[in-house]
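Listed next: structures, encoded as structure tokens.
Both complexes below contain chain A, partnered by chain B and then by chain C.
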Partner chain A sequence: MASEIVGGAALAPPTAIGVRRGARLRQLAPFLPAAVIIVGLFLVPLALMFAFSFWSTDENLDVIPVWTLENYQNFFTNPTYVRTLFKTMVIGTGVTIVCLAVAFAVAYFLARYVSRQWARIALLVIIVPFWTSYLLRVYSWQAILGERGALNQVLVGLGIIDEPSLLFVYNDFGTFIVLVYLYIPFAALVLYASLERFDFTQLTAAQDLGASPIRAFRHVLLPQIRPGLITACIFVFIPILGEFLTPSMVGGAQGLLIANLLANFFKNALIPEGAAVGFLIAAFVTVLLIVFRRYLRIEDVVVRG
Partner chain B sequence: MTGAGTAPAIELINVTKRYGEAVALDRVSLQIESGEFFCLLGPSGCGKTTTLNLIGGFIPLTSGELRIEGQRVNDLPPHQRDVNTVFQNYALFPHMSVADNVAFGLRMESLPDDEIGRRVGEYLELVGLSEYRDRYPGQLSGGQAQRVALARALAKRPTVLLLDEPLGALDLKLRKQMQVELARIHRQVGTTFVFVTHDQEEALSMATRIAVMAGGHVRQIGTPREIYLGPVDRFVADFIGESNFLDGRVASNGQGPAFQLSNGTVVPIPTEPDGTQNGRVALMIRPESVGVGRGAPGGMTPNVVIDGRATNVAFMGNHTRITVQTDAGILVALRFHGESDEQAVEEEMLDQEVHVWWDPRESTVVTADDLRGSEEELRGGPEG
Partner chain C sequence: MNAIDNQLSRRRFLQASAAVGAAVSLGGITAACNAIGGTAQGGTFNWMTWGDHYIDTQLKAIEASDKIIAQISELAGNAEGFAKLKEVKGELDMISGDALWVPDAYFAEGLIEPFDINSLKVSSQLYSFAREFDIWTTPDGYLGYPFGWSPISIYYNVAEVSPAPDSWGVLLDPKYKGRIVIENQPEEIVAYMGKASGVDDVYNMTDDQLATVKGLLEQLKPNVLKFAQQATDSVNAMTSGEAWLITGNLGNEDRVKDAGGPEIKGFIPKEGTVGWMDAEMIVKDGANKALLFPYLEKAEVAENIAANFITHGRPLFNEAAYQVLVNQGEQDRADRYLYNKAEETLAKTTLKGPGTSTEKSIQLFNEVFGA
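So, the complex of A and B:
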């Protein structure tokens, strides 16, 4: 103990207890700004919203502290809301699967067959578009998928279709494509970080020991990159639950997702209903994270990516 | 073809492996008999690892034929070959315990659980790691990981066990221990071992037969003794052990074939070697065969004696190494200690006029041209 506080002893009162308390306070001091931000800007608003989700509104749409479960009941008794939630889950799952499949192929190729230096450059190229505006990128997709867009021109030019199709954008397909594009880099980064550490001679060894290539993959590679796969799933799936800009720009009237619903509630000053939807999503995400918490590795993305 | 009893364990017939333009193996033929501890020895890039990978099935042949126990296996994928490998970096599965690593290959064969359990126990016992069965590879030392890799491969009871520089990653002391250990395990299991190394001492100490490779060719195949005492060319002589080479030419001294050194001394040789007529040749003498002293040699043997000056005397512990400059070239002599304490005498030799001599029956004429050729090929070929 004594040796730990030598540095502080010159400034703190010379009693042992005083020195210890002073040292402890100094140790905690660096956490103060973070604590203020988390409590003041996150936990308190969250608590407020949680309370709002159980409160009512008066005829002026002002929130009044009258406790009710109606906000939650309304959500589950409205088929459109439930259908939107369900559709969001389906699209989120689909996008996650496609993202992971494409990102895995890219990451596997980079990790196994490309030198580390070139792999880093390739990853950078994948990430660079994400330094441009989100809005710009989604607008670009409107241009690509639209009636006079690049995709239609190519398909008509090749004679695959006779006239420009309206099916590519302002529907669920458009949302799906753009979401896949937006989230592939996250998945690729996480999976690359995971595969980069894998020693591929293990696959050779497994085949040497009698495993077919598929079994070698399943029994040797898959268990070792499972944390990366799950982290990638979480990094793609959870943000999609909050996506409202992309669906509103390329999803059209029927391509809306749950977050658009939530945004609409707030736009219409239906704060308690909006809060209730928000907490339903948050509860779902929390359950997901608890189930997979053992595998979630933030450092895969933040440190290694 | 014929019964398994007569077919060699491994047979390469005119096997060639090309990577684009580079030729890694050039029409190599060799036979490895059942039960051998066969060593592929050569410098990096000589084709030894390529040969091992071809046998394991990890890379395809460009042309030629590969047989395991008489069966052509050119197109058989690795998981269907009755051959297992100890990889250079061991390639243990880090997410499995030692016991599960050893059991992996047996599970792939779908053996019954009790048989798997029995064999895992048996082979961990063989390599002396019974107490480590529940550890994970990350918790093992290099030597232990090596033993697990060995047990994992042997538990499959393959026709042939391939070992790719398995001792390369170990420190010197551990390497010596593992050499003894590998030889014991080979005797105990009786499986054919094919071993790749660039370390000639490892090859000499463990192998029953050695194939010395360079530039994608097999230079010489033989027992360690045959190769050490009768290297076919200067490359082999130089690669295996230490050698003195004296330039000169093949001549006749009237009584039979002889070799004339550059200072005119004529050394009788047993037979005129093939193919040494036109190319550059050298006379090879192992340093331990060279005698050195300030007086003339005693004894009955008809020694070749030349004069020189001792330019360096190095005390090496169990022997002293004396370098002598003669007008026929530089000769290194080793004098082993023990019989009499001559260290003082040896130290006095430094910068003195001395005689060097050797029994001509212990010198061999080798072709000298090959070395340069093979070095060029080495640079062109891929690693391994």
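So, the complex of A and C:
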């Protein structure tokens, strides 16, 4: 094949390797937007945060780019931070379990016993709270759980308690209840998407073959909705690790979580100190995702929901 | 069409295109000038400030009369505002700041520029001392246009708190477990406890002083019901009866009363307190700073400041506004808020400012209020 001469330069004919490389690049092109987002909005900020976390702040609140482990040392030598992180994980785990239990019951009922049309209406009702602001929803819980709130009035009215109680809000219990309320829709939607694709006759078949209902549930249903369960865990547990608004509004002085302590640094422009706590949370979340990844195949989510 | 016609029409076309292009460019430049506020025809400037530094009707009136639009971003606190301005610099044109934050942080960092306050006609309405604060005076001019001020007071529900307290110590009394609402400002809470322990310079505490403060914070913790995200949260808690003691700016008695709450009284603790006085600062290299003086001339007039006082309820530095309030029959309220006593009241307070113990204060707060 004759080479073309353009402007005195010879252009080599395309080789098989070049063609394959071009084809591969074209195949990868659709991933470019996602790659830009992941790199630009996740990996780069994470790298910056990581670098900042090894620096310090001077008395003028200027960041001093001198490498130090002091921020991490503070975190691990001050038992409050470790305790608060542990408490956050315990609350997160509890909320995730309750959300999954409640959401599973709702999703199971809708998927198995309700027509698709009514199920969609029910799901719409579940996601209606998303149409109002997060802040408004949490404020409304202050009005429900507060000392002069609806719950106390009902309990006093029914004679269950003699005087309004402060036990329902401005403590860990208040944070727990409101977080459950806030995250149930996420769990319900994910679990419904899983259960909707499940063929419930398999449960009947398993029982016809002698399996008890619990055994059929454990060995037939659960494995097939495992991706949905894991995804629901991710959607509920991980955001709770970063929750600071709900604890600060309904947790009171006794119900602060790790993100509240982190926010205190940033509010006072102590960016490296906050970055260290933030990075530790991010690292913990990444480890969790890796653990979840062992049990979650992408094709489970994409193909089977 | 012959060649000459063709040439003529092409020439006409080019002439017409040039005319249209020039008109579009001129329009674009004019619009751009308006947008960045470089002309006397008004424009938009960027202002980071607290929500009580303006009232919407005032902004709308200035927009209507002078075509000056204030694009406002909410300022959460001094440290946050300072950190943000360091990042965005001239993208903002004006920013509000407290007391010692103005010289020790913003000016020291070269973020703001001094100006001749007396060149603003409206400044003649200020109390004369407000134009002469040492901390805001530099050889090159004044560092900010004085706006409002207040000492931090303690307010208590008269029916629930007795005997009448006069000290920070009331916040530590186990009788008031879960009955205190305090602003969500960790460094300030540490400063209050610093005052309670007798420290004067509460933003520059030593390790020994902080160790004493830690003990007081531990006593305070069980008494705190919640941290108020904004002043209205404290007022609401007091109004509903959830809180018996709150901390806050001057004027909470009326806010709680206006909201239908119980009778409350306020006092400045005998150990002393912290206080703030804020100002509008002109950002160095702000793209639209030409709009700031015209804006301030309109926004800071006595009538607007009096209206702001009625709406937001804490003393301001405009002396002429006091007379407006007197004429409006609001003298009693203004006097109760110490409107006329700024100089003597502020002299007794520790002014808010950046300090050497900020990081340790936050670590201490987290240590006590974390799990």
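Odds and ends about this structure:
One rule holds for everything that comes next: the second predicted complex is superposed on the first by the 248 of 305 C-alpha atoms of A that agree within 3 Å, B and C clash if a C-alpha of one lies under 4 Å from a C-alpha of the other, contacts with A are read in each partner's own complex, and residues count from 1 in each chain.
By definition in this document, contacts are C-beta pairs under 8 Å (C-beta built on N, C-alpha and C of every residue); 3 or more make two chains touch, one makes a residue touch a chain.
All figures in this text were calculated on a predicted structure; none of them were measured in a lab.
Overlay on chain A: chain B and chain C fit together in the combined arrangement. By the touch criterion defined above, A:84 reaches chain C but does not reach chain B. Contact with chain B, but none with chain C, is seen for A:209 once the two complexes are overlaid on the shared chain.
Between chain B and chain C, C touches the greater number of residues of chain A.
In the superposition on chain A, contact of A:57 is made with chain C only, not with chain B. Legend: residue contacts after superposition of the two complexes on their common chain; A:270 is shown touching chain C, with no touch to chain B. In the superposed pair of complexes, A:94 makes contact with neither chain B nor chain C. Look at A:242: by the touch rule set out above, it reaches neither chain B nor chain C.
By the touch criterion defined above, A:261 lies against chain C but remains apart from chain B after alignment on the C-alpha atoms of chain A.
Aligning both complexes on chain A leaves chain B and chain C separated at their closest CA atoms by 45 Å. Chain A contributes residues 199, 201-202, 204-213, 215-216, 219-220, 223-224 to its touches with chain B in the complex. Of all residues in chain C, those touching chain A in their complex are 76-77, 79-80, 82-83, 86, 105, 108-109, 178, 184-187, 221-222, 224-227, 229, 240-242, 354-356, 358-359, 362-363, 365-371.
Against chain A, in their complex, chain B makes its touches with residues 56, 58, 77-79, 83-85, 87, 89, 91-95, 104-105, 108-109, 152-153, 156.
Across the complex, chain A meets chain C through its residues 57, 59-62, 74, 78, 80-81, 83-84, 86-87, 146-148, 166, 170, 248-249, 251-254, 256, 261, 264-271, 273.
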